[in-house]
Structure formats: C-alpha cells, structure tokens
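Letters A, B, C and D mark the chains in the order given here, with residues in each chain numbered from 1 onward.
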Amino acid sequence: MRALSTTRVLLIVLAVAVVAAFLPFWFSGYILGLLTLAYYFGVFAMAWDLLFGFAGEVNFGPTFLIGTGAYTAGILDNLYQPPIAVCLVAGALAAVAGGVILALPALRVRGPYFGLTTLVAVLMLQNFIVVDASLTGGEIGLTVPDVISVSDATNYEIALWFMAASAAILFSLSRSPVGLILQASGQDAVQAGALGFNVTKHKLAAFIISAFFSGLAGGLLIFYLGSASVGTLVDITVGVQIIIAAVLGGRRTILGAVLGAVFLIAMSEALRPLGDLSNFVVSALALVVVLLFPSGLLGLLTRSRETV
Amino acid sequence: MADARLDVAGLTKRYGGLVAVKEMSLRVEAGKILGLIGPNGSGKSTVMKLIMGIERPDAGSVRVGGTDVAGWPSHKIARLGVGIVFQHSRPLHRQTVLENIKLALLPDRLTRLLADPETDARARAIAARVGLSEVADRYPSTLAFAHLRKIEIAKAIARDPQVLLIDEPFAGLTMTETSAFSDLICELRDDGRAVLLVDHNVKSVARMVDRVLAMYVGERIAEGTADEVMRDETVRRVYLGGSLETAARPESTFRDGTTPFLDVRNVGVQYGKAQALDGVSIHVHAGEFVSVVGLNGAGKTTLFNAISGLLPYSGEIRREGQPLRGRSAARIARDGIVQCSEGRDLFTGMSVRENLDLGGQHLPPADSGRQIEWLFGLFPILRERQRQAAGTLSGGEQQMLTIARALMMKPKLLILDEPTLGLAPVILEQISKALERLRQTTPISVLLGEQNVTFALPHADRVYVLEHARIVWEGEPERFAAEAGTGYL
Amino acid sequence: MRKGQNRAISAAFGASAAVLAIILASPVQAQTKAPIKIGVIAEAQAVAGSSIPQAAQLAAEELNAAGGVDGRKVEIVSYDNHSSAAESVRAFQRAANEDHVNAVIASYISEVVLALEPWTGRLKTVMVSPGAASDVITQNIAKDYSHLKYTFHGYLRSTSLAQQVCAAAKELLVDQLKMKSAVVVSEDAAWTTPLDAEYLKCLPTIGLHVLDHIRFSPDTTDFTPIFNKIEAQKPDVMITGISHVGVQPTVQWKQQQVPIPMLGISSQATNSSFWNDTNGATEGVLYQGVSGPDVAVTPKTLPFVAAFKKKFGNFPSYAGYTAYDEVFYIADAIKRAGSTDPDKLVVALEATDYVGTIGRVQFTGKDSPNPHALKVGPDTITGLMLQWQGGKQVNLWPAKVANGKLKFPKFIKVGAADR
Amino acid sequence: MLFWQILIDGFAISSLYALGAMGFALIFGVSGVLNLSHGALMVAAVVAAWAAGNDLHVGPYVGAALGVFVGFAASLITYFLIVRPLQQSRKIREEEREIFILTATLLWGIMIQELIAYLYTNNAKTVAPIVEGVVSLAGVRTPSNEIFTAVVCWLAIGLLWLLVNRTRAGKAVLAASMNPRGVTLLGVELSQVYIVIWAIYGVLAGIAGVLLGMFLGVSSYSVGPLTASAFSIVVLGGLGSVSGALIAAYVVGYLETLTAYLISPAYRTIPALLLLVIVIYVSPRGLLGRR
C-alpha cells in the first residue's frame, strides 16, 4: 500500500470501479441493491476515517452528520419538492453546518470528552426527529415523494461512481500536503503548531470535508431508498457500524473503509439463511476481527510497515 | 542590544497558586547559544513553552526580532521565525523520513493539494544537512534513536528559523552521537541563528554555549559563561548541597557475602527506540543503605520500576539469588521489595489513616496496629493528621505518608525514588532524620534514588552514579565529591 | 413496539429474510405450472408481526391441499423487515425484482406501508397490508390513482377503528354505565392522527365529553406523569390509541392503580401472550379487535384459530387473521383475473367479495375518498370490543357475538360518586 | 400535590438511575473502561427474571435472584471475553485502545440484544413485582413497588458504601479507583481488583435491571437508551467519580421528571441532554470529575 504512489492507487481505484461498473450485466437487481447500500456506507466510513485516522478526532457521531444531511434533503423534498439536486446540495450544506457545530467543542475539549459531545449530538438529533414527528416522520421514518431512479442498475451506477469519486477525492486529500498536515495535527497538535500550522483551521476543514461527504451520501441514500428513518441513518448503532466498517477495513487507509463496508454486507448476505440470527452472527464476526486483527482487512492484505 | 533575536523580559507563569516561572528575563543574540539549565522542576521547560506559545504567559514580554509575541498562538510565533526541537520525537510513522521533513516545508494553506516541485529537493538538502541522506526513504520505525532526533532537528530548521529552541538535545544519545549532535548545533549557530539550549546541567552543554543561565524553582539564580556558572556558589549548593558528612559502613560488614539481597545484573530497558537503561548492574546487601545519584532523565526511575516488576527489561534481577522475572509487580511488593515512587501514588481522596491501613492490609490487624504506632513514632506529624485526606497534606507530609505507607508493608528492601522532589529544606531535615533512624534501628535495606546529593550521601553506605542510562561510578560516599562531584554539575 | 431502534447496519443492508421452505406433498400435474408467489414482508421479532407470515403460510398450505389455484401452487416468500421502513423497501425491491412475486402482503406498521406505497406503483406490484391503519394510505391512492392503485388496505382504517370504538363505547359505557366524560390518549404516530380526529368527532356525539387529548412519544417508558395528569381531570374513561407501546402503560396503569378504565385501540392487547407479557396487569383492559380466540365472527374464524394454534402453538395476532384472509382473496382474484398481470389483478381485487375470518371483505371503489379501503358496517365488518378477564380475552360487543360481561378490577372506580 | 408527586416519582426513578450508573462509574474509575454493553447487561437480567417467571414458573423472589445472577455472570463474561483481551493486546496502540474497547463492548451489546430479540421477541417485558398495591404518601397514591424500588436501591447503594469503606477488599477497590499504580505498589494484584469490580458492577446492573423490569418494564430496544442514560449520568457526574454519578443521577432523574410533569413527557430527555452539553462545554470534567 505504502509503496504505491498516489497516482498508482488512484488508477487501481479507477480500474476496480470500471470492472464494478459492469457488474449489472452479471448480477441480479437484489445483489446490486445490496452493493448500492454498501457503497453509500463505504462513503460514510471513509468520511469517518478522515476524521479519526487523520485528524485524530474520535467521532462517535458520524450519524449526526449523515442524519442532518439526509433529513434536510428529505424534509425539503417533502415540503417544496424542488429538483433532487437542490435537495442534495441543501442536505450537504446542512451537514457542513452540523460539522462546524460538532467541531466547536472538538477544538476545545480533548479525547473521550469530545467523543461524548458527538454522542450527545446524535442523541439530540434523534430526539428532535422523534419529537418533531409531523416534520420528520418521527420514529419510523420519513418518506420522500421523489426517488432518483427505480432501476437497480441506474442506482447502482450512481452509488458506484459517487463512491469512487469520493474515494478518489478523499484518498488524494489524505495523501496531499493538506492530508499530511492534518495527520501531523491529529498526532501531535502542539508539535504541528510549533511547525507553523494553524491546527484549528486544518481540523475545522477536516470536519467540513467529512460532513460534506457524509451529508451528500446521506441525501443520496434517502433518494435511493425513498425513505429515511432514525433506525437506518441516525441511531448510534448505525454510527458504530460505520466505525466498525472503517476499523474492519483498516484505519487510516481511507480505501479500507469501503472494503469494510462491502465485507459487512457480503457477510450479512451470506448469513441470510440464518434469518433473525444473522445480525447476531455479523456482530460476532466483527467482534472477532476487532479482537484478533486490529489492523483490519487492508492491514492484513498489505502487512503495513507501521509498527508499534 | 538591538540585535537580540530573542528578548524575554519579566516572563511569569502561574499554575493555580504555584508560580512555575517568576519574572524571567533572557536574551539570545544572532549566532550565539544560550544554555538554560536547572534541575527537574525548575521551570526551564515552561520558559521554553512560553516562548513558543504552547503555554500562555501571565505576564511579561517575548520579543522575537522586535515583535512582542507573548500570548500569540504557536503557529504564528513559528511563522515569525521560531523553531523548536522537542525532547520526545513523534514522527509520522506511515510516512518516510523525507516526507516527514517535507511536512515541515509545507505552507499553512488549505488549498495546497500538490506540493511545490522544489519541495522535494529542499527536503533532500535538509536531510543531507543533518545527516539523514542515507535513510531519507526509510520509515521512522526502522531507524535508530539518534536518527529520530535528527528528524526533529530537520523539521525544526526546515522553515529556516532565526530562533531555535532545543529541549534536552542529548537525552538518550550515546557519546559519539552526542558529539555529532553538538557539532550540528554549532553549525546551526554559525548560520547566524540564535539558539536556546535547555538541559539539566552545565557540563553537558558547556562545550557549545556562549552563556549559561541557571534556574531554580522558577527563578534565575546565576548567569554567565559556563565556567562562571559552574563556580557559582548558589549553583553548587543547588546541585551538590553544602558540606557533606558521611557515615558509611564498609561493604564487608554486610554478611550475605556472594549472594546479596538484591542483585541487578546487566539490565537494559528500551522505551521505543530510546535506551533508558543500558547494561546496569547494582547490588544491595541485606541491611545496607545504597544511594543511586543521577540527574533527572538519567534512568533512576526506570531502574526502580524494572526492579519493582513494572517494566519489561533485559538482563537479570535476582532477590536472594532467585530471579524476579515473571512475578507480578504486586507479588514483588508483597514479598518485601516496596517502592515509594517519585509521584508518591497516594490515595488522595482517603484519609492518612486509611492510606496506612491499605499499606498494612496484608498484615493481621494486631500487627497492623502495632506497625502504625511505630510509624507514628517515626513521623509524629502523621498522628495529628490521621483523619485528614491525604490530598490536603503539604508536600512534605505527603512524602512522609508515602514512606510510612510503604513501611506498613514491613518491607525487606525499601526503594525511595526522589523523596526530596520539590520539598523545603526543613522538611528534608525531618525526612533525613527518619531515614537515619530507620538505618540505625531496623534491618531494612534501602535503595535511594536522588539528584540531591546532600540528601543522598549522609546515610549511604555505598553510592552509584547513573548517567545517561549507565552506571558511571560506584564507591563510598566520602570519595564521591573528589571523584564524581565535578562531573555532576 | 419499537423504540430507540437499535438497528445493526448489517440488518439495514439487507432484507435478511428467512425464506420459509415450502415443501409439500404436491400433485405431479400441479408442478408443470409455475407457482403463484406471494411475498410477505413483516416484523418477525414483534408479536403482532410474527403472526403475519405464519398465517399466510397456513393459508397457502390449505389452498395447495385443495389443489391450488387453477392447478398452480401458492408459494409464500417471507422477509423480515426488522420493523424498519428502509429494510422493508429493500425487501419489497427484492420481492418484485428478484423473486418475481405476484403480490405482496406487507406489515402492520403504517409508516412501513406508507414507505412501500410509492414502490407499488414504481415496480407495478400489488400490495395488501394486513395491519396498518393510517387513513393516509388510501388518501394517497385517491390523489394518484393511476400510479398507486396497486396498494390495497386490507385492514380497517383508523377512522373506521375510531367509529367502532365509539359505537362500542356508547353501548358499554354510556348506555350501561352512564359515563359522561373521557380523555383521549394516543401514541404519536401516523396511524393515530386520523384516529384521534375521529375520536374527537364521534365521542361527543355518543355523549362522552372529551376533557383532554394527550399524545405521547412512542419512546415513553414512564407513564406516571401521563396517568397523573389524566387522573387530575377526573374523566370516567380513557379512550386509547396505542400499538407501538402496550406492555409498559398497561403494567404501570395496574401498578399505580389508576382508577380509570381504559377502552380503545391497544394492538398489543390483541395478542394472546399479552397476559404473560404484563404479568396479568391487563386484567380489565378493553380493546377493539376484529376477532377473538373464542369468537365466531364468521364460520371460518374458529377453524382458523384452531389450525393456527395447532401448527404454531399460540394464537394469531390481529394481523394474522387478515393476512390469512388476504392469501385467499388474492388467490381468488388471480383466478378470476385469469392472469397475474398486475393491472388485471387490481381490477379483480377491486371486485373482491369474500367472507373471511373477520367478516365480509369488500373494498371501496376508486371514486371513494378512500379507495381500496375495507368497507365496514353490519353487512361487512363490524369489529369487536373485547376485555381481558382472568387471563382470557372475552368479547363484550356486539351483543350477538358476546361471550361475557363487563368486569373491572377492584382499583377501578366506575360510576363512583359524583364526578 | 404536584410537588409531592414530582418529589416521590423523581426519587424512585433517580435511585434506579443511580444504581445503574454507579457500577458503570466504578469500572471507569478503576480501569478506564467505558462499558457500552451496559444496557444489554441490564436487559439480559430483566429478560432472565421475566423468563424465569413465565417459563420456569418460579416465584418472584427466585426470578429476581436469577435475574441478578445473570447480570453478574454476563458482566464477568464481558470482562473475560471482551475487555481483558483488549486491555492486554499488544497489537493495539495505547492511544487507540479506548476506541477498540468502546467498539468491542458495543458490538457485544448488540449481540446480546439480537439474541434476546431472537429468543424472546422485541416486545417489552415486565418482571412480576415482589410487592403489589399502593400506599398513600403525602396524599400521593404511590405504588408500593415504587417505594420498594427506592428502598432496594438505597440498600444496595448502602451495601456498596459499606463494602467499599469498611472491608479490606473494598478499600483496595476504592484506592484503585484513585490510583491504580498505588495499589500495585502496595502488593494488590490489579487483575484481582478488576475481577472484583466487574463482579460488583454485574450485581449492581442486575439489581438495577430487575427493579427497572418491575417498575417500568424494558424491551430489547431499551439497550441503547439505557447505555446512553448511564453514560450521560456518569459524564455529568464526572467520569470515574462514583459519588458524582450518584448526584448526577438525581439531577437527571429530577430534571426528567420535572420536564415530564411540567412540560410534556415527549420532551423528557431533552433538558438533561442540554445540561450535559453545557457541562461538557463549560467543565469537561463534569460536576465532580477528577481526571
């Protein structure tokens, strides 16, 4: 992984994406639907990895950003039915605003305390959605009148290319000078400051970027599903699953996050015959990976040279 | 006057009631090196952090090239031309050495998605300058400790700072590495930079510095050339104490012969890449009082923690001939090797009595009561303070409680790590008396680690000097001043 | 029935449905024709939802034992939606695109059905809901008939439910016990909005003065403040609209000995296991139902209950009855349409006239303000008012199928004093 | 009247919160572990007590005891299976250990939750109460069970206090929560202290769970909210401070009750969350935090 240049990796991403673009010729709509979801969750996990792996901020509330984006887009569509693109942009912007709100305490408090504020942010959003049921659809969900497409293949291609583009942007960013500074700020803010970097500015930027992609993906997801609900987009457990996808795939790799998300989906699909127990088994498998292979799938594949 | 690159005046920093730095003033001109020395806790590192903007000063000015930067955020101070070399190196592990250097060359802009093409060449030039050329494309985790220190220097000089702050430049380096390192620092000075070196003692920086400023408990105590400072009476008293009276018992009087009570053989400890202990061998006989003197950072605490089973180590540590490796720290303590750690590790929310009871919890209640009575005799103040929470005691009382709590365990060997740290002379007197009584009236062996020689020598039967992770001298206390004293400053 | 909603993404990702194997001794000739596939999307972990696939399965087996539909076997494909709208959408897509089902029976949660409704039009797949109640489902059809005509509401609308509650309350409470005042208390959900509106309209007409109208979050766990607030207003009865919650308000009602009876919709109370779930606290609770275990609403009711109990070991939930009937009338419609073409199937379903376990099933016409809703009334479906008494569900209304008398636990003060 | 009502109801619910959160705080204080499977352990205890009554037909006392035992056993399993391997793993960097423990305990909680939903559905369960009926307190009709809940909570808190302050093992635990290194230097095996605190924690969570099951009832969906409430109480009280958790539990309990009575039950949790945000922002150490 390390030995490969950024351009090489981007070419590999492109190649994989092109191959994946042909999957609709072989796979059924159902499998495509699963992958569509996996790709969106991959984007969530990548955005999270940018914050945790690079900026060093333990964000337990990725769903705060996702939910803000998705619900803003969905509510807007419900109320005024502007073009979907307008809803998506509004959602992404709302998520960015959410990212800034989340970043404020992060720049003030450290470590577990920041993690707590993010958790509280999720709980607040959840409460707002549940209480304000007339606007948000409450506990069970918000249904949007418009969807991007009803064709599985079209939805799949949109998700795939959105994911590939996000991966390319986020990965390039992580490898760019800005990514380097971000990593330095995350690892040792004092030292980064002493090297002349405005740590606050860089971390804020990381929050904004992470929020932008989370919010946009959240919006796209609800216009794919046709509905949004606390249980699928906002709940803390959803956030944890995103974290698990990123940790499973390998932290600080950006691309590993997609791998983790696809792996989780493939796993739950493979375990479908177990019925109600499938969630149990998927959690157990993820737990085993966390316990035994902390460097994640990508770490396992590339045998990272980083040693403790 | 006008060409002082760094001009600090009246700098003050308080943490709550504690004054860490009091009205410090110092000046460094271009092309000069100022050594800022002081024992542990003297506030020298705080001064450095205040200059860099990592901490905010409560009062005073910090002028860099004429601009007062006191209270600025550190990235702005850095951009004004101040660089710092931290004592601990934390390079980015997933980036090569070159990339680590490039990082420091990057502009602080969010829009910079591609590095300037010349960045690479500049980074290579800096790597060559500090002697990292051969390893430029390797990962930090594969490098030796000295290389990691050089990465820090490389990062600090990447922006071509006019003022360079260096914290403990030689900590963890070998002799040859030290000399290569000081050559490098001298070259940086010859470029016309103002350099502030922060270290524990004069000796280590004497060869390079133009002037030395000595600090003690937040205040300046002396300033001048290295020689002047070394001859200064106040400095000598701070480092070496006054006249030394010793009352050593010859080693031959301890009758356990070839298997001493504690036998540390060729022990090494590594913290990451840094060698914290290197081939250290010491021994303590049953009933003997042994002092290990050394400056802060020499490795005393590491040695004691290895003995107490708190750290993994190489080599062998034996107690009465039996290896200690594999026993848990708690087991070692229960078996009678008890440490009073530097941080004291008291249960601050509990009363004095409760702390003592916890020390005696392995004893039958009757024994425990008797032991407490004995200790109240040794430290009468603790009897008065019985019901008070440990956290509310004064520093000296806390130290007495720490020792008393350890003695509640009826130890065979008592390890005392820097018991004098931050204590007033009156208190030292009391603790000193208690230790002497312990030595006279009990068969307990004591292993004392100190940088305060005045405190360490009077009771000692034998003394070791620990310097840069190695034992450099061993002998009777009366020989210390003549043979090891000067090197200690 | 769901709160906090801890949903594993793995679940969110896929309809992790267990496809129930349908292997029956089948006549050889039937296998030459492709089976009729009916998808069932339900909440397998919820009591009300778990009866849906079971009842559908039972119906399919009975149909197949009788030779199937024109020699075609009926096959049930079931999906667990984990009570989530998004997962239901996934399951619906899978059912339509992957498993090519001919019709879908989906969910007792209104929000789920509302989320699926646009997909019935998008994927041109017929869907019948066995248990959702919201009037919005059918109002939507009226607004966009050509697109949403594939949705059928196979359970009573909230408005109809409220009307039945009012009718029962008039006989049982006003006429018999001379009650005068009520407080409406409902959970905040899509289905209770029209329910409450109808309550507020019809209760005064039967002589119950509505003192207050309380809506609470389905997340509520501590009902003490709500009961206290109601009690302070001294109503004669609480008229309820609860489905997602059930056990907790009932248990706390008993524990705090709130002296006011509860009557209305309490979906969880329709389940036979409710007595155990509440440790008997449900004693005296009055709830509307479309059927009861010992109530012969139609000649088909009791045989169905017996067969269900024999096969699955418990009694069906209210959505079990409707799901059972739905399999039969979907099969019937396919037979009449002579095709599984969705548009022809819609026409055939609209003409449904089928006597099932809960009454006579007929759908309202496409010109009605609520197209594709169940018709209610003495000739079609009347509904029941039951009460938990000593661990049994006893029917009190309508009188002709009643099998018990109104009876309250001691702490309830009925008609007590001069309120 | 309303005043007494709020006072009594708030007291009962606060006592429950306190009991649930104290063990959580103890664990964090001694070992720095935030156990996010907390809610799952409590629900497991409730479901065990419920199932014992329904399936095994045992009396309420035996059922409750069984529930508490399940809480105790589940807690120790959590420690040995999940937490200890992660604490001792050398593959994980020190600064990342925290997120690994959080992730793993959360996964573990989800596993327990899914298993419960699978075996016993996600319907709410209530444990058959040990005492029934109502009594009148200051003119407020109060269920005896509510009083019982408060009494048992305070008995358990009192016992915990005695254990910690009056026994040698308890003293060692308390000392370890202040300074883990200090007790090692005094010859106390931290690994044994950990086992003791996880055992205490399990019993407390079990009792709190069973009481909650009798008082309000829980379902498998309660897992997340229960963890979150313990978490916010412990943060509000100051991470690791057991007495802080006790005080914070009453602050949160009364704030919730006041909101429920005076504003609306729907907004019940919101003021407490707002308070939490403010406290974290103004004083990240919480009301009585040490770290």
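The definition used in the following text is that contacts are C-beta pairs under 8 Å (C-beta built on N, C-alpha and C of every residue); 3 or more make two chains touch, one makes a residue touch a chain.
Computed from a predicted model, the values in this text were never measured in an experiment.
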### Task
Look at the interfaces B-D and C-D and say which one is made up of more C-beta pairs in contact.
C-D
### Summary
At the largest C-alpha centroid distance from chain D we find chain B
#### Entry: Centre distance in Å when chain B and chain D are each reduced to the mean of their C-alpha atoms
43
### Message
Between chain A and chain C, what distance separates the C-alpha centroids? Give it in angstrom.
### Response
38
### Centre-of-Cα separation between chain D and chain A, whole angstrom
31
### Task
Identify all positions of chain D at which a residue touches two or more other chains, and write them in rising order.
110, 114, 117-118, 224, 266
### Task
Quick one: which residues in chain A touch 2 or more of the other chains?
131, 235-237, 276, 279, 283
### Message
Which positions in chain B are in touch with at least two other chains?
### Response
none
### Query
What are all the touching pairs of chains?
A-B, A-C, A-D, B-D, C-D
### Task
Over in the complex, which chain A residues touch chain D? Could you list them?
52, 58, 60, 105, 108-113, 115-117, 119-120, 123-124, 127, 131, 235-237, 240, 243-244, 247, 251, 276-277, 279-280, 283-284, 286-287, 290-291, 293-295, 308
### Query
In their complex, what parts of chain D are in touch with chain B?
168, 171-172, 174-175, 178-179, 181-191, 290
### Message
Going by the contact rule set out above, which residues of chain A touch chain B in the complex?
### Response
2, 172-173, 176-178, 180-181, 183-184, 187-188, 190-199, 201-202, 205, 252, 304-307
### Message
Residue numbers of chain D touching chain C in their complex, please.
### Response
5, 9, 13, 53-54, 110, 113-114, 117-118, 121-129, 132-134, 141, 143, 145-146, 215-225, 257, 260-261, 264-266, 268
### Task
Spell out the residues on chain B that touch chain A in their complex, using ranges where they run on.
52-54, 73-75, 78-79, 83-84, 86, 90, 92-95, 99, 102-104, 106, 108, 110, 112-115, 139, 141-142, 155, 158-159
